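A quick write-up on the structure given underneath.
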Amino acid sequence: MTRVATVPPVAEESATGLVAEVYADIRRTKGIDRVPNLWRVLATNPAHLELVWSRLKAVMHPEGGRLTPRERELIALAVSATNGCAYCVNSHTAALRKLGVDVETLGEALAVVGMFNTTNALADGYQIEPDILPPLE
Amino acid sequence: MTRVATVPPVAEESATGLVAEVYADIRRTKGIDRVPNLWRVLATNPAHLELVWSRLKAVMHPEGGRLTPRERELIALAVSATNGCAYCVNSHTAALRKLGVDVETLGEALAVVGMFNTTNALADGYQIEPDILPPLE
Amino acid sequence: MTRVATVPPVAEESATGLVAEVYADIRRTKGIDRVPNLWRVLATNPAHLELVWSRLKAVMHPEGGRLTPRERELIALAVSATNGCAYCVNSHTAALRKLGVDVETLGEALAVVGMFNTTNALADGYQIEPDILPPLE
Amino acid sequence: MTRVATVPPVAEESATGLVAEVYADIRRTKGIDRVPNLWRVLATNPAHLELVWSRLKAVMHPEGGRLTPRERELIALAVSATNGCAYCVNSHTAALRKLGVDVETLGEALAVVGMFNTTNALADGYQIEPDILPPLE
Amino acid sequence: MTRVATVPPVAEESATGLVAEVYADIRRTKGIDRVPNLWRVLATNPAHLELVWSRLKAVMHPEGGRLTPRERELIALAVSATNGCAYCVNSHTAALRKLGVDVETLGEALAVVGMFNTTNALADGYQIEPDILPPLE
Amino acid sequence: MTRVATVPPVAEESATGLVAEVYADIRRTKGIDRVPNLWRVLATNPAHLELVWSRLKAVMHPEGGRLTPRERELIALAVSATNGCAYCVNSHTAALRKLGVDVETLGEALAVVGMFNTTNALADGYQIEPDILPPLE
């Protein structure tokens, strides 16, 4: 069996019980044939797998959400690029491409990500006080 | 004079030359009356002020951009929340409110930010290998 | 000679003086046969090698410590997963396994790491003020 | 009403429906009289409040958990100190004190946090390759 | 064609217009024969390529700058090691070596980087208040 | 007694034994009259105080160091701004001012910090492979 990461992942054919149920829901919800590596590794603790998946499903596939799927994936890429997470950058770039985002638009998104990593460092590097805010009711 | 941050900011009434020009462009481009603290502090090095402002203007107010202003500000908030930058969180939350984003939608956006800070830590914490990507041409 | 990282590491057989002494102390203290890559690379600056090793030894192998070895390694993994450091995640996961932590317990630990990377992003993303603390005398 | 953070929090006396239920569960589970600021702010999006609280409850107060409450809070503090989150550092330090952790033990824990923020930076700063791992089955 | 990263880079021989101009300026300014991978990937959005390159050129190769080239590269390495960015650590280590920084001096620089990643975590982990500063006029 | 941070600091007049010795060495080495807050808080665990101070002294005040004091403080500021640590940014900005760094030069330094927080995010956001390095012997 192929090893992935620091613990051996749970292959789809050997999944039973709660793990098999979550795997089936992942394939159905995302419309994919293969369960991605993240979930195979989380399956080494089935309760945690269920916890993370059900939360991600609620956050990314809500009924009547106020954000578009593209907005959600752009945020996901922004977080992942800022944290420098290789797995997540690959995953969310692929998701954005699937949503029809072309390479130039991806460049615009990463330009924004890059820009605010600069201003964050500058605002913190000078310890700049927030401007007075209008009440945000 | 009021002190801001680790260096004394340049007040609008004492700005001259390049600093005065940039301040005027900031007010005009953003449609605001008061130059925010970030730019007043950057003005202590006028060349740097011009460099950051012209870049931010190009990234956030491009002609014919492929992302919406709301998408840009959502990315900015995602980066700032992930980095924990107080100045920038306040600034981009205010910008989103100005664009008509209500408090519940803000909650959805931060739910996505929070979610992927978890999955980033999990993917890195288990050192999970990226799934095979389709060519992203 | 095999290259490791951005500088050539110091092999055990070519170590002399301070480097050889530190290498011996690492093998003895950790009960291992091979000096890990981190120390081989730090050995390119012997004074720095000694400084980091003696500090790590004091922090991780103290006499009369108030934390258990497992607590120390759990903290080490939490920091490394949050920072996304591949070398350190691998190293501290191996150390936890050696201490008898099984894969399901590791899943619980990373569940906690993941959870608080979310609440950190939310607390910072909303700029939430600390609750009033009881005096921590 | 006092403002907290970038959005107005939901006071306990004005909570209804799902928010009131979650608030009651927080007080009961944590054995406290006052709902902390984090939850009051998350309540501006009730579905998100419920999602984060139910996950945090499962992660921090599981039945038959393999980690001790002290181990969980040490991990929480390690993550929060590494991310520099003021709200969370205050909250988890208070939780550790409540669990009987004295100031010297807290110092040991933060010594470990500090140590591995150094080694993470060194391992990444030299791009050190992971040592060969024993299979972690 | 070889794939680099999540998007296909623009090879030097197929570059035209703005991309070809920027590539030529990179080779000339840096005195190198081959355009590094970063710029080949940014070239997938030519306007972004030009924006980042012109800013980096102004920041790293200014006329009459007050910092030495070595100081600039030391800062670049410090940021990159702290963020754990593999590409950038490799790039700035090579630049420092080109400037004559030997392996022992590199060790001193990373010792400083490592040290302050500790004190940052400690200052944040205890929420230590800044000392009163003398006015920094 | 004034409270600082999450634990009560050790005032200079109540310091005894190891803490008093370290306090005296801090005042002597840095040529200052007042022990900064960081050390007063670390003094709540005397062994940890001694460990951090002796390492910081070795790293920042070495005999025959290859980096200048200004280079060391620039690296310290770069790390602190990137991590967004308020205490440390204030402290290292004051140290740079004491070394004669004026406000414009500080602007140049933070321009470099800001720039590479962008390129780090871009290199990670596109998962760009390192260029082939010349051997760094």
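A few comments on the model shown:
Labels A, B, C, D, E and F are assigned to the chains in the order they are written; within every chain, residues are numbered from 1.
Everything that follows uses one rule, which is that a residue touches a chain if its C-beta (ideal position, glycine included) is under 8 Å from a C-beta of that chain, and two chains touch if they have at least 3 such contacts.
Keep in mind it's a predicted model, so treat the numbers as computed, not measured.
Looking at chain C and chain F, the chains in contact with each of them are A, B, D, E. By the document's definition of touch, common neighbours of chain B and chain F comprise A, C, D, E. Chain centres were defined as the mean of their Cα atoms; on that basis the chain farthest from chain C turns out to be B.
Among the remaining chains, the Cα-based centre furthest from that of chain D is the centre of E.
Where chain A touches chain E, the two copies mostly use different residue numbers: shared numbers make up under half of all numbers in play.
The interface holding more C-beta pairs in contact, when A-D is weighed against A-F, is A-F.
Rounded to whole angstrom, the centroid-to-centroid distance between chain B and chain E, based on C-alpha atoms, equals 21 Å.
Computed centre separation for the pair chain A/chain C is 27 angstrom, with centres defined by C-alpha atoms. Residue numbers of chain F whose C-beta contacts span two or more other chains: 6-8, 42, 51-52, 55, 59, 62, 79-80, 82-86, 89-90, 93, 103-104, 108, 110-111, 113-115, 117-122, 124, 126-127, 133, 136-137. Considering their complex, residues 6-8, 42, 44-45, 48, 51-52, 79, 83-85 of chain E touch chain A.
The touching residues of chain E, counted against chain D in their complex, run 77, 80-82, 84-86, 89-90, 110, 113-115, 117-122, 124-127.
Those residues of chain A that touch chain B in the shared complex are 4-7, 34, 36-38, 41-42, 52, 55-56, 59-60, 62, 65-67, 70-72, 74-76, 78-80, 82-83, 85-88, 90-94, 97, 103-105, 108-109, 111-113, 115-120, 122-124, 126-131, 133-134, 136-137. Contact residues on chain D toward chain F in their complex (touch as defined above): 84, 89-90, 93, 103-104, 106-108, 110-111, 114, 121. Residues 3, 6-8, 47, 51, 55, 58-59, 62, 133, 135-137 of chain B are the ones touching chain E in the complex.
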